Amino acid sequence: MSKLNMELPGLSMKNPIMPASGCFGFGQEYGKLYDLSKLGAIAIKATTVETRFGNPTPRVAETSSGMLNAIGLQNPGLEHVLGNELVWLENYDVPIIANVAGSKIEDYIEVAEKISKAQNVHALELNISCPNVKEGGIAFGTNPEVASELTKLVKEVSDVPVYVKLSPNVTDIVEMAVAVEKAGADGLSMINTLLGMRIDLKKRKPILANGFGGLSGPAVKPVAIRMVHQVSQAVSIPIIGMGGVSTAEDVVEFFLAGASAVAVGTANFVDPFVCPNIIDKLPSVLDELEVTHISELIGGSWK
Amino acid sequence: MSKLNMELPGLSMKNPIMPASGCFGFGQEYGKLYDLSKLGAIAIKATTVETRFGNPTPRVAETSSGMLNAIGLQNPGLEHVLGNELVWLENYDVPIIANVAGSKIEDYIEVAEKISKAQNVHALELNISCPNVKEGGIAFGTNPEVASELTKLVKEVSDVPVYVKLSPNVTDIVEMAVAVEKAGADGLSMINTLLGMRIDLKKRKPILANGFGGLSGPAVKPVAIRMVHQVSQAVSIPIIGMGGVSTAEDVVEFFLAGASAVAVGTANFVDPFVCPNIIDKLPSVLDELEVTHISELIGGSWK
Amino acid sequence: MIVANMEIISQRKIASDVYELVLKGAELVNYATQGQFLHLKVSEGTDPLLRRPISIAKIDKEKGELTVIYRAEGKGTSMLALKQAGEEVSVLGPLGNGFSLNGTKRGEVAVLIGGGIGVPPLYELSLQLVSAGVKVIHVLGFAGSDDVFYEEKFTKLGETYVATMDGTYGEAGTVIDVIDKKGLSFDTIYSCGPTPMLKAIEKSFPEKKGFLSLEERMGCGIGACFACVCHVKNDPTRNAYKKICTDGPVFAIGEVEL
Amino acid sequence: MIVANMEIISQRKIASDVYELVLKGAELVNYATQGQFLHLKVSEGTDPLLRRPISIAKIDKEKGELTVIYRAEGKGTSMLALKQAGEEVSVLGPLGNGFSLNGTKRGEVAVLIGGGIGVPPLYELSLQLVSAGVKVIHVLGFAGSDDVFYEEKFTKLGETYVATMDGTYGEAGTVIDVIDKKGLSFDTIYSCGPTPMLKAIEKSFPEKKGFLSLEERMGCGIGACFACVCHVKNDPTRNAYKKICTDGPVFAIGEVEL
């Protein structure tokens, strides 16, 4: 009997482990390394209406136990994702979460409406937290009214449940979470990256061509755990936790904080096999903790 | 000729390196290890009107490239600090920055008024950003109106310049900085710790007895650099930068971001000699970068 | 107290996950005393970031060597266990106030009660007590037979009883059970081990004097960060405190709240 | 492409801050080709966090060994330089599309132009071109005499010119200066080095065909993160792109924007 299967709105998962959006492309690269059907779900890279090249390079910089990225939502555009990437992913028995982005409200609506009709897209992840684009992104994710409005409009057009991806760059994450829950969100994804910067001492300029970037990796895990802990007590919709997950123990920590599933981002770059490795390791970690099913852990630190 | 001397409001410093408040006690422990007169300044531990024991233990937890603390402003109280700690510090030729905390506005005013009259206190650091106390602290540091009001009142009673210590746990750090500048702040200290949490997997409880704690150390440096970069372009008062500084190169990075002095916190725990080591190392790092005086670097990444 | 790189002379596994590490090459060896501890940095970088407090188990001033014994459990100690002879470890120490030898007079009997990884500091203490003419009895508690270490070495210095919780070695039960069962009599107590054990000792022998060595999560290890404080007994203000890193880790029984 | 721990067979300093590292023990050696790279993790923990891309300098399929040459500059490469024979390094690879051998026919002349730490991948390339019957000329540029490495090894394979910017060794000036001065003539160009050098090559020999190996800061190294993209030449949409980690690092001259 599985210790790992999870049912979340729209997502019937073999296990609660998924690669995080933007850290796994559309799966093709990792598909060469292992069977993607092993994953609980896949959050695909942010999709916008139009093709985007993204920001100039350098787009990544290393930090202590973390990294900064300013990819700038590069993606081949909605039509291509629908006609190619999602079709390719149909080869696998794994639910897809489509990460939806845009500059204007209408963009979000267009992407959401169309992509939610794709056969293997089982949920949307509303990216109102990308710190690396001039318009849209984080601007929608730091104001509760704007975020609710967008959530409502997307809910109206989406054929599948909608998870809202929250930005940690806010004073009151609970306020944001409660606002989007009221607006109809079916779940939350948290956290996106923390806004950060590194400066090249010789060039006297930020290392990233974009200046700022989003901080991810183990460095941010304590902030993510704190936010999941706070938010999970204030809302009744499930949370996909993320931020620095790289081991099965990290997954347990997020569940105890209040997450019902976990996404793995940066760790894929350090070890491309990290997701299947975590999935293989989890049952024995649960055994050690005398847990029969991973769902018993949800919110265990405050329940 | 010195490459390192700095003049900031109230602070005439041999070099721009100081231990950060709370990470150096009142200097006595480090005074056994090296001559405190070597330091540019000393930011002493937060002082409140009354004696405080602080939070229950455990009060610290380790994170990837960082640590969480929830000391809870333990200190011997204003009278003791005035009568003992500050008197002992008179043995050294080093300006003291008194970190002022409290639960109510009146507490801040009382501490500020009295401590600013101590002979060796050359500046105050208004701690409106401590995440580890139930009242006061961060509550004052996340609302621009409250922060301005407090700054104004403290400025009225203080005999020395007032630096406001900003919390990074806000949506818009620039808004906070501009508000306290308008209210009369002579300088800014940033950043205090990021609110975080770690959970003990076996006990299913947060590691810290207090639950949450403040994240510090190299992990947070990219967030600190980003905030100093943003704020230094928006205000005309100087910034004491901090967050993860542990090498002379880190000092240069903060200066390029826009800081005019740097505080070293967590790194003192890793190496108690880190401050004098950085001070000794800085001139040669400046030479390598062909910088004649460290002040040339201030804001170099955006100027 | 200094910061120095010390060379690893030897590292060997002496029980399940327990390692004995011998370090050499810093003047701090000359002024270290029983019950003090070292703050070790197990890697150069920021992962792990903080030092690890580990008690001094043996001091060899002639050779200039210190021995520590530790359990490889979390990230830092597991990394330490991978180090080999010839490599260096950054050491901050010696730290804290160790065991006082004044509490027990020549000819009196001291019982040294150790629990698990609290056993190591008792070894140097025992050596010192013995050379001060004190008669020592050792009561060492472990989880099971795989966890027992240094029994022989303690036996050479005095009567030694080993207790295991699972009864797989020595006497079954707690250290208190053994003392009761064997009807041990003694003048003073010296102990180091898990807090529940220390509490049980305080409760079981309310009339006895002695010293307890405490543990707490630490930041600086030198008294500056207030991470490691504990309350003082019978303090109605609840504001008095002791720092385990500098006022302790060893306190007289009854001095602080456990 | 796989992830494997490879054993360090030898590590030696071959120029100022430049190290030659020989790795063994993974099947990836069998299918690695000239111009591909490895993504190395220099420590187990999270500091540093990311892998480091380093080109393959030599492939010895018989012995099952790969050689890489790198400059110890930042944190990661400096830590790598401390590793000794017998230790292990986690390797992800082989990655990318290396140098194609098809561009030059048997009997034709190829000039291999390397700049500084861009020289290493040209070594395996030269070995391969030579065994394919191509005549090779090497033009290797370095900052100064302390930085020169592998001159002898290249000389064994073909004509070799060394240029140093400060004139302390070989010819003074850039690699382009040397080619001009010596009046070298060739059919194809293969180059790896700093972007300004690659740009100068494109500009100086507009009619020549060949291949350039590019560098960019990388995340995944396998094409998933979009960290390492570059624009495609003559693309009015500005939306076309190539990933240096998977489409490159080697591109035909004129294919992408430098």
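For clarity, chains are labelled A, B, C and D in written order, and residue numbers in each chain start from 1.
To be clear about the criterion, contacts are C-beta pairs under 8 Å (C-beta built on N, C-alpha and C of every residue); 3 or more make two chains touch, one makes a residue touch a chain.
Because the structure is a prediction, the values reported are computed rather than measured.
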Pair sharing more residue contacts (C-beta pairs) when A-D is set against B-D: A-D
Whole-Å gap between the CA centroids of chain A and chain B: 34
Distance from the mean Cα position of chain C to that of chain B, given in whole angstrom: 36
Averaged-CA centre spacing for the pair chain D and chain B, given as whole angstrom: 46
Residue numbers of chain D (touch at least two other chains): 46-48
Junction residues of chain A, two or more chains touched: 63-66, 217-219
Category of the chain touch graph - line, ring, star, complete, other: complete
Contact footprint of chain D on chain A as seen in their complex: 22-25, 28-30, 32-33, 45, 51-54, 57-67, 69, 71, 74, 217-219, 246, 266, 268-273
Residue ranges of chain C in contact with chain A within the complex: 46-47
Interface residues, chain A side, partner chain C - complex: 64-65
Residues of chain A touching chain B in the complex: 63-66, 68, 142, 169-172, 194-199, 201-202, 204-206, 211-212, 215, 217-223, 225-226, 229, 244, 249, 252-253, 256-257, 289, 297, 300-301
Complex contacts: residues of chain C adjacent to chain D: 43, 45-48, 75, 79
